[in-house]
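These are the structures, in structure tokens.
Look at the two complexes coming up: subunit A is in both, with subunit B in one and subunit C in the other.
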Partner chain A sequence: MKRILIIDDAATVRLYHRGILENAGFTVVEAVNGLEALEHVANTVFDLYLVDINMPKLDGYGFLRELRSKDIPQAPAIMVSTEAAVNDQKLAYASGANLYLIKPVRPQRLLSHVLTLLGLTLPNPDHSL
Partner chain B sequence: MTLAVVNVSPIANKKFHSLLIKTKSEIEMALTKAASQPTTIEDERQRIRDQAGLLIALADSNPLVRRWAARDLLTYSNVSAALVERLLIETEPSVIEVILTTLTRIGDECAIEGLIRCLRTENAMLRNAAIEAMKLLPDEIAPFISHLLNDPDPDVRIFTVDVLESLRHPQVESWLIRVITEDAHLNVCGAAVDLLGEVGSECARPALLALKQRFPEEPYIQFAADLALTRIAAG
Partner chain C sequence: MNPLLIQFLAEGREFIQAISEKLLALEDDPNNSTHMNELFRLVHTLKGNCGLFDFPEMSRVLHAAEDLMDAARAGRVTFSRALADQLLEAMDFVSELLDEISAAATDQTPSTSQYAARAVQLGEALRGLMVKDVVNSEEVVSEVAAEVSSAQYAAPASVEHVLAVVPEAVRMELYRRLTAGEPLYRLIYQPEEDCFFKGEDPFFQIIQLPDVHWRHVTTRENWPPLTELDAYRCILRFELILSADAAYLNEHFRYVSDQIEILPLTAAMLVVPTGRAQAEPMAADFVQAAQTALASRNYFALAQATRTLLELSAPNLWIASALRWLLLLLDLPEPIDDGLQRLLAGIGEHLASQIPSALPFAKAEEQSPSFATDHEKPSLEKGGLEGFKGFISADTLSSAQEVLEAQREILTLPSTPWLTGQLKAVAACLTGVCVSLGMENELTTLQQALETALADKTAQALLTWLDQLTLPSTTAVTELPSPLAPAASVFQSNTSTPTAATEPVAFNRRAEDQPNTPRTIKVEQIKIDRLMNLIGEMVVAKNALPYLAGRAEDVFGVRELSREIKSQYSVINRIAEEMQDAIMQVRLLPVSFVFQRFPRLVRDLAHRLEKEVRLVMEGEATEADKNIIEALADPCTSCATVSITDWKRRMCGVLRASRAKGA
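Up next is the complex of A and B:
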């Protein structure tokens, strides 16, 4: 079972994303900021990261830079933010994001991107996302 | 390549903890550089103590000097403007942290306006740190909230909602209700409804129901509003 780490300081957003991903069969772990996420990364192998930008202690950019500098198996990262500015998107990709999505992300869109990045397809193609 | 392990004093050891195993030439270069600098933190702090000297030190190339200057400027008046100007160009996280701490402790109008300016910076780290600092100043920030919630930039409005997250102020709920009632931007409402789920009371119920009506096709708003309503009902 694929394991996804959701990193967001907003509890409602974590719950929203967790619901979408768990309904699709993923195992989900949550972190409230980049520092807590790095602690998870030290102990667990993740298949994908869903990362907010603006968080206290260590933001999404900082987390990704730290993550990408580590000598560990790397996994794709989706940066999710309310900010649509081109500069933020450039910074996200420069920090190591594989995809930048603007909140709020519709369930079907999020799942579609997650599956693509993981090289997966839905078990039932007729399943409504 | 010649490898070496160096034994140094505790203070020097702190500076060189990452240099324990290096080439001999690298170590010699590092030691030469260290010898030209003050050997203790107190030395750095004792260089200059008057206000004018500290303001100059705030622009020093050594982050340690800037950090001490930012800390020691707390004892002087009318230094907020200089601290804010430095804050907006400072890149060293530890210096940013000290400047923010000093501005928070000063808490005058200039310091508050400086923190608010940080909401518009492209530097996410500075912006987030400023938001955390603003949360510590509920009474000082409160007079600015209404104005910030009307800012034409939706990102500034979202960051203002972030400030409200831990702001211990009696108006927080009414500000959030106003946002989800009046703000046309989906993400600003999304940020506010998140928070209402944590701090909202029965007073927020009509506004949450109205928000669901305003954004019937937005799954996240429906989810977050329902969650907030459930939490409010649960008390």
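Up next is the complex of A and C:
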């Protein structure tokens, strides 16, 4: 059972991502900011992180830097942003993100990235009935 | 209503409230960067949420608001009363839209499309604030222009829509000029209603402009019926695209500078495919082939494929328009990968929106080893899963390519203090890609590369490994059986065998078992009221126990039982009282619930009456029952209103009175 941590201050976005991932059979844990996410990380092993950038207390970049500095098994992190700025993407990668997606991420696109990063496959929903 | 929408509406209202509060706080302290950043974050998040739904009006206004806040945050625009006014108006509009959406979702009334005109107006007003500041200082113009050209493909969505009215041929010509280095501007001129009485001649102003590439005259509002038409009232709106420079334009329009808007045009804004939407069966294969060609920078093959599909498509279709743009981009001396990529992704998304597909995620299955090795399963399911496993979907392949590209970029970045963690994470991603593409044989070399990289403390070993990796070619993928057959069989097998069918249900249940309860929950008031009524009844019912104890002693003469009932009664009594107290706590709200509307009320009223009013609030943390708080709202509000409008009364006295009532 793959476990995914969603870190976003917007409840709507969390609900949206949670819906997509739980439907695909993943276990989803939520955190509302980077600090809360770090608490979760200290107690649980996650297989993937879905990280927002702008959050109160500790933002996405800060969370990733902390995460990558830890001596734990490292899992892929997808950074989700509303900005298509090149600099933001660079900063995300330098902070420890593995993929940078622009909100709103279409369900199919998010899922196909998550599955690829976790080494899973799924038939293409477009072609199935 | 769907739960996501309910959540969005509730959260949206909270955000708007918070944005208004922050705006008012900023007015008192315009240089407070904490407030400014927080405000930007709120607007930004609200816009992000809005993007999950199809509310173009709301997105448009919020996008403009966000851009304006970003400019204010970066110091490009100064925070002023006008700016706050405009943003507050925008938030009122958004809140109106939220009301409309929630009403529409319950009563099935018409959608929000009637708000489109106002959304455009508000969006432009917000952007206008930005532009006016920019045009005032020429230094900033060049700075912004440089910024725009560096981020050429990050065009705001609202502008794209506006430019869609420009004929495609004109836009293509403009695109060529822009990429050749010629600066272009979009000019919007909205003359004042009584401009004719001031001796202005808007039409003459416009036709005198040199180097105009495109002109368009519309009206700011619909023409009234001929009988009511006031021919001396100017409601025209001119829109032009021209190459004259900003300084010249400012000089040309110096008497009406507040009625024009000048926006620098970027190449990406022009790339807006237009036309009739229709699913094009060939196009899905094309997008995939094109992306592969692009990844390998085989522009010739890409152009070839584009021309072939273009010949097969009806010229008035959206897809044909997109393909023409693709060819134009390819035709540039130096094709810009980013732009091509974006256009291709756009085509992909357009296609996805055309194919009605219920997303069958619920049946998704991990490629668990237990399935692959279990020989006891019925043959149908086994066959289905094997077919499924062997098949690499176009989605997986394109996603794998994207992931690999990203990891390559990460590995080439300068080293960071958290390099070890980064390398491990990259290796985890690469492992995922290999497994999902069925290339498990690469994993040993990957592991070795990771160990070398960790020992050397550089990314080099992983980069070398990445360079030698060859993905399955697209031809191999297209030769695989049609995606329909294996996919369909998997789903049949999942629904027809009990083992597979129960699997996703189990996933969902376990997902809920997570010890991850949020710290606050929202409960409908009716549920709390019911609980409160029940507790009230219980309090009454428990009072029958002492009477029972008395009867046990007096009537039945069992003193022992009577004592036991009494001691039990004292326990129940204590619990009941605590319960009553607890439920009252639930219903308690801070009076700030009422007070929070005062700052805006006072501000607007003071502004309208041109009075200097300072609002002081104390004791907002005082708590009272929800019903009392709600009943207090109107009297308090009118107290506040009266104290401002009626100058003769002693304002402080009235407010203090209302405060006393609140507390």
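One rule holds for everything that comes next: the second predicted complex is superposed on the first by the 122 of 129 C-alpha atoms of A that agree within 3 Å, B and C clash if a C-alpha of one lies under 4 Å from a C-alpha of the other, contacts with A are read in each partner's own complex, and residues count from 1 in each chain.
Just so we're on the same page, a contact is a pair of C-beta atoms (placed from the backbone, for glycine too) under 8 Å apart; a residue touches a chain by one contact, two chains touch by 3 or more.
As the structure is a computational prediction, the values presented were derived from the model and not from experiment.
After superposition onto subunit A, the partners subunit B and subunit C occupy overlapping space and clash. In the superposed model, A:Pro104 makes contact with both subunit B and subunit C. After overlaying the two complexes on the shared chain, residue contacts for A:Lys90 are found with subunit C alone; subunit B is out of touch. Partner contacting the larger number of subunit A residues, of subunit B and subunit C: C. By the touch criterion defined above, A:Gly62 lies against subunit B but remains apart from subunit C after alignment on the C-alpha atoms of chain A. Residues 10-13, 15-16, 19, 54-56, 82-83, 85, 103-104, 106-107 of subunit A touch subunit B in one complex and subunit C in the other.
Note for the complex: subunit A touches subunit C at residues 1-2, 9-13, 15-16, 19-20, 22-30, 54-56, 65, 67-71, 73-77, 82-86, 90, 93-94, 96-100, 103-104, 106-109, 111-113, 115-129.
The part of subunit A that touches subunit B in the complex is made up of residues 10-13, 15-16, 19, 53-56, 59-62, 82-83, 85, 87-88, 91, 103-107. Listed in rising order, the residues of subunit C touching subunit A in the complex are 3-4, 7-8, 11-12, 38, 41, 44-45, 47-49, 51-52, 151, 153-154, 284, 349, 352, 355, 357, 359-362, 364-367, 388-389, 391-396, 398-400, 402-403, 406-407, 409-410, 413-414, 416-418, 420-422, 424-429, 431-436, 483-484, 486-488, 490-491, 503-504, 507-508, 510-511, 514, 516, 518. Remark: subunit B residues 122, 124-125, 127-128, 131-132, 154-155, 158-159, 162, 186-187, 190-191, 193-194, 197-198, 218-221, 223-224, 227-228 touch subunit A in the complex.
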